[in-house]
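Take this structure, written in structure tokens, and hold onto it; I'll ask about it next.
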Amino acid sequence: MSANLQRGYNALKEVLDAPIASYFSSCVHCGLCAEACMFYTESGNPKYTPIHKLEPLRRVWFQEATLAGKLMRLVGLAKPVTDELLAEWSPLVYDSCSLCGRCSMVCPVGNDIAYMVRKLREGMAASGNAPEGLVGASKRTVAIGSPMGVKWPAVQAQIRHVQKDTGLTVPVDQAGVEYLVLMSSMEIMNYPEYLAALTRIFHKAGASWTLASDAFEATNSGIQIGASDIAREIVMRIVNAAERLQVGTVVSPECGHAFTAIRWEGPNLAGRTFGFKVKHILEVLDELRRSGRLRTKGNKSIPMTYHDPCQIARRGGVVDQPRTLLQMVASDVKEMDEHGAMNWCCGGGGGVSANERAEPLKLKAFARKKAQIEQTGVKTLVTACANCRITLEEGLEHYGMNITVLGLTELIAESLDDETTSADGGAA
Amino acid sequence: MNATAMDLLIWARGTGFSLALAIALFGLTLRVFEILSLGRKHDFAPAREDSPGSGLRTVFSRSLPLPGMAQKSPITYFGGYVFHVGLLLVIVFFVPHIEAIRAVIGLSWPGLPTAVIDMVSVATLLALVAVLFDRRRNKVKRMLSGFGDYFAWGITFLPMVTGYLAFHHLVLDYTLMLAIHILSVELLLIALPFTKLTHVVTLFLARWYNGDWFGRRGIAS
Amino acid sequence: MNTVETLGEILRRRGVSRRGFMKYCATTASLMALPPAMAETIAARLEKASRPSVIWLSFQECTGCTESMTRSHTPTLEGLILETVSLDYHHTLQAASGEGAEQAREQAMTANAGKYLLVVDGSIPMGDPGYSTIAGMSNVDMLLDAAKNAAAVIAVGSCAAFGGIPKAAPNPTGAVAVSSLVKDKPVINVPGCPPIPVVITGVLAHFLTFGGLPELDHLGRPRVFYGESIHDRCYRRPFYDRGLFAETFDDEGARKGWCLFKLGCKGPVTYNACATTKWNQGTSFPIQSGHGCIGCSEPDFWDLGGFYQALSMPTQKLGKVAGAAIAGGTIAGIAMAAHNRSMKASAKQSHERVSTDELEKGE
Amino acid sequence: MARAQEMIPLVRIDSGCPSSNHGNPVPLLHEVRHALTRLLEVGEPSCIDLRALPMGPGDEAALDEILGIGEVAASVSALGSSNVLETSFPGVWVVTHRNEDGQIVSRFIEVAFVPKILASQIPDIQEGCERLKAELDHPGRDIEMIPPERVAR
């Protein structure tokens, strides 16, 4: 056994738990998970059947944690886990799974397949079988601080722009505030309007907030590639900053996996509960709306539809908030046939969009989203995840569709009611 | 006198059944220990309050297809429903079976008329054939299926078909068919803990864990 | 013994009219479970049938079979059959005793060598011959000796046919059936505990009428009597189909004559003519009297679980088995649990921190 | 041989529930109907052995009741008595054979113009004829005692 394989195999033994054992024990090979996966439905290739992507993990579980499997291995009947197997499975585990968890919703015996793919990636990463694109992103995040190589000076430059445009101050490294705002490098590089929108909204709401110069990046390549050690290192930057600044709530940006990383995996990576709350920006906005601190005026009458980012909706529980918020600013919202917890993934999540190798398959899988958008007949698509947004834009361009993609937070900011500027507000 | 059908029946009802039950119970107990001993890490992430989902909810809700899914794989769903419900009705509401269950657990309940059981059996057998056919025809299922899948199908089909043939006095002498029927049930019992048929027990755990995970995150799964 | 006189002659000598003979043949067809249309064939055959010699040996038995036969309910008609055969040896019925009796047997065997019918009731002990010995001769020896020159052997009763109660577990005498010893002669099994009297005489009548053996099933039983199960010919069968069962012997269902399956009736696996031929002048049979069939015409019926245990019930006590299995599963489970825990602990211990360097295959 | 049955009287005790018809006569009646059709169309008689059919308590009585009693009732004395009854359905006869002790030994439904057992039998006629001839050749007391005027008739 090579050192790589040994490390990977050991990692797979580490992740085995009772849910995984229950899931593998229950699978009846009914194939329904395939029907829930756009990588299968759009390619028609049965190897993209979700449960099939877990074969290496299944073998480790069977041979390491069941008596029958141990006996089978003893007599040489059990299929071995080899370097070749892991290499062969790497495209299935990374390229054809966005961890969207749709299969986990339809499995009749209740198998949470996305949960297991996430665990399998621990072994794949540890054995050096992660795709190059994700390895690079992880290296940049650890070494530079951001998967896209964004450094604090780039953020500072954006802060200057925002302050100039809005005439408002963007607070940095302020202790004792209500919100610590995180961003994704995608937002820093491609969607600077996010920071501007937040600055205006928080200003109108009279909320105290801050950015942290040593913890502005919310994305976490460690989660996507499946290396908890790396994920922990990245998460702890945020945790340390938030605790140092003694903020009440850490606000995850419009980025799906970032929310998962800090909200759901973060405490488990840290091995403790946090001294602060973690919320997605849409949750924060909806709370502000409910307390009357967020008010908008005017309704956009152009038809719109909302794309649920998987990690925020299905895997994160933020389903109603975006709809309430969208109702505030748009009068003609059409839902896709399957939405909310049963939405179809854009195909770029779970590190797929950072994995160049997966590009053709990702675009093929996008056909599902394309069909959903076409079915609504609208030309404006709203979402709340920078990664989804990039994937959607690429996909729409690839298929030559003339559709505008908007971020929900910006859309809200555009319709802020200027009449009700809070007392301490500056010029609009 | 050589071994007769009656000898086989006596063995099947006696030693055979005790052995099969022992192996099934031994195996299932072992499996539950195997599974639960792997444990589950404490989740430090605070769960959402007033979640619409829960493990218990999912244990039940997963029995129903999500909107749109049934159309995507009708044979899997309807074939699956018919044979699962059919098996349940035949196993639990055919009077001779109730008597057998009574001998094991001491409880009994009213049965269904044999005409009803007969109709359900035919439907169940047809559904089982349909799902086997679909397993060969559907490329996903064909790719996923190995010996274990066909074996599991076989040992589920066998008790159904032998029971049906015995009841209708077809093919073989009743005593022999009854003995074969009971032996096939024993094969099923023995295989229960060590094949995918274990899902009859573990699916409750799986659904629970799944529902619990989603429930903590505020999703009714 | 003189066997020249045919049955037809005997009957005429006794002044039986042709109408009487027709009635006799119709009844014989009925008791042989043959279609009524066979009466004329029977009549033609019986006219010419001659009188066979019969040697009746009794081994490990209770005399119930002999009792059953002698109490058959149609004295005149079956009496005719019995009178037609020359019962040369039957140690219960014959007047002779001691050496004279044994001489009669040997004489009959010599005089009718190759032609006599050997009827056996009772099983044969293969253990200590002292369990059952006649005139100093072990049952096995006597059986093999008598079977050597017999035309056919009729094993009457479940003991002779299948070993019966003596063979019931744990079979202390090492009892065996006739057919496990006699291999070179046709053996007709007429099981039952006892067999229905007319079934015994029916088989004799068949031999007498057709001069040969009736068609036998896989257990060597005449198909005409043992071709269908009690359950299939039971007048209570409609209740089984409708799911109406007596739960106890004195509940409403029992009074209404519902199916006795739950009370342990072995009718479904018992092949015999009781449900149609019935007992005591066709009056009734066990199920009609409210008691389930005990399966007495089937091999090893004594070991078929309790008489009052439903056929579908497992026969062994399962409490201890289940307890032991769960205990065993728990022990094995705890061992596997300990293994799994140590496997996980050691995996955790040998965890090598994954930094970004390890993400690429090195070496 | 002494017959125990004669000494041990059989007493029927009513179980308190009605002897219900178990439905067994119905298929039998269908068989009878087909037999009647055959008799009419091709003149083929049939015979059904009632001892070969499953009959519950009350079934045979129910059958008898449905069949009813017709115009002809005959009794035959041969090896015990036999009753031959035409039912209310002409051509359908119930024949009950008894032994010399009066016990029923067999019972049939015959579908025929006349049940065979009623017809005089050739061997019996032959024998009777011979006997009559012998009597006439060697007149015994019986014939002599008959008044001449009756012989003439």
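In this document, chain identifiers A, B, C and D correspond to the written order of the chains, with residue numbering beginning at 1 in each.
Note that contacts are C-beta pairs under 8 Å (C-beta built on N, C-alpha and C of every residue); 3 or more make two chains touch, one makes a residue touch a chain.
In this text, all values refer to a predicted model and were calculated from it rather than measured experimentally.
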Note: of the two pairs A-B and A-C, more contacts are counted for A-B
Outermost chain relative to chain D, judged by CA means, is A
CA centroids of chain B and chain C: separation to the nearest Å works out as 38
Distance between the CA centroids of chain A and chain C (whole Å) is 76
CA centroids of chain B and chain D: separation to the nearest Å works out as 60
Flagged in chain C as touching 2+ other chains are 332, 336, 340, 344
Where chain B touches two or more other chains at once, the residues are 30-31, 34, 36-39
Contact graph of the chains (line, ring, star, complete, other): other
Pairs of chains in contact here are A-B, A-C, B-C, C-D
Given the complex, residues on chain A that touch chain B span 16-23, 25-32, 34-36, 40, 46-47, 49, 51-52, 65-68, 104-112, 115, 263-268, 270-273, 313-319, 337-338, 341-342
Touching chain D in the complex, chain C uses residues 16-20, 22-24, 26-27, 29-31, 33, 35-37, 70-71, 73-77, 233-238, 255-257, 275-278, 280-284, 288
Given the complex, residues on chain C that touch chain B span 162-163, 176-177, 179-180, 218-219, 229, 232, 240-243, 245, 261-262, 268-269, 298-301, 303-305, 309-316, 318, 321-322, 324-326, 328-330, 332-334, 336-338, 340-341, 344
Residue positions on chain B within touch of chain A in the complex are 30-31, 34-41, 43-46, 48, 51, 58-59, 62-63, 65-69, 72-73, 76, 80, 138-145, 149, 152, 194, 196, 198-199, 202-203, 205-211, 213-214, 217-221
Given the complex, residues on chain B that touch chain C span 1, 4, 6-7, 9-10, 13-15, 17-18, 21-34, 36-39, 95-97, 99-100, 102-104, 111-115, 169, 173-175, 178
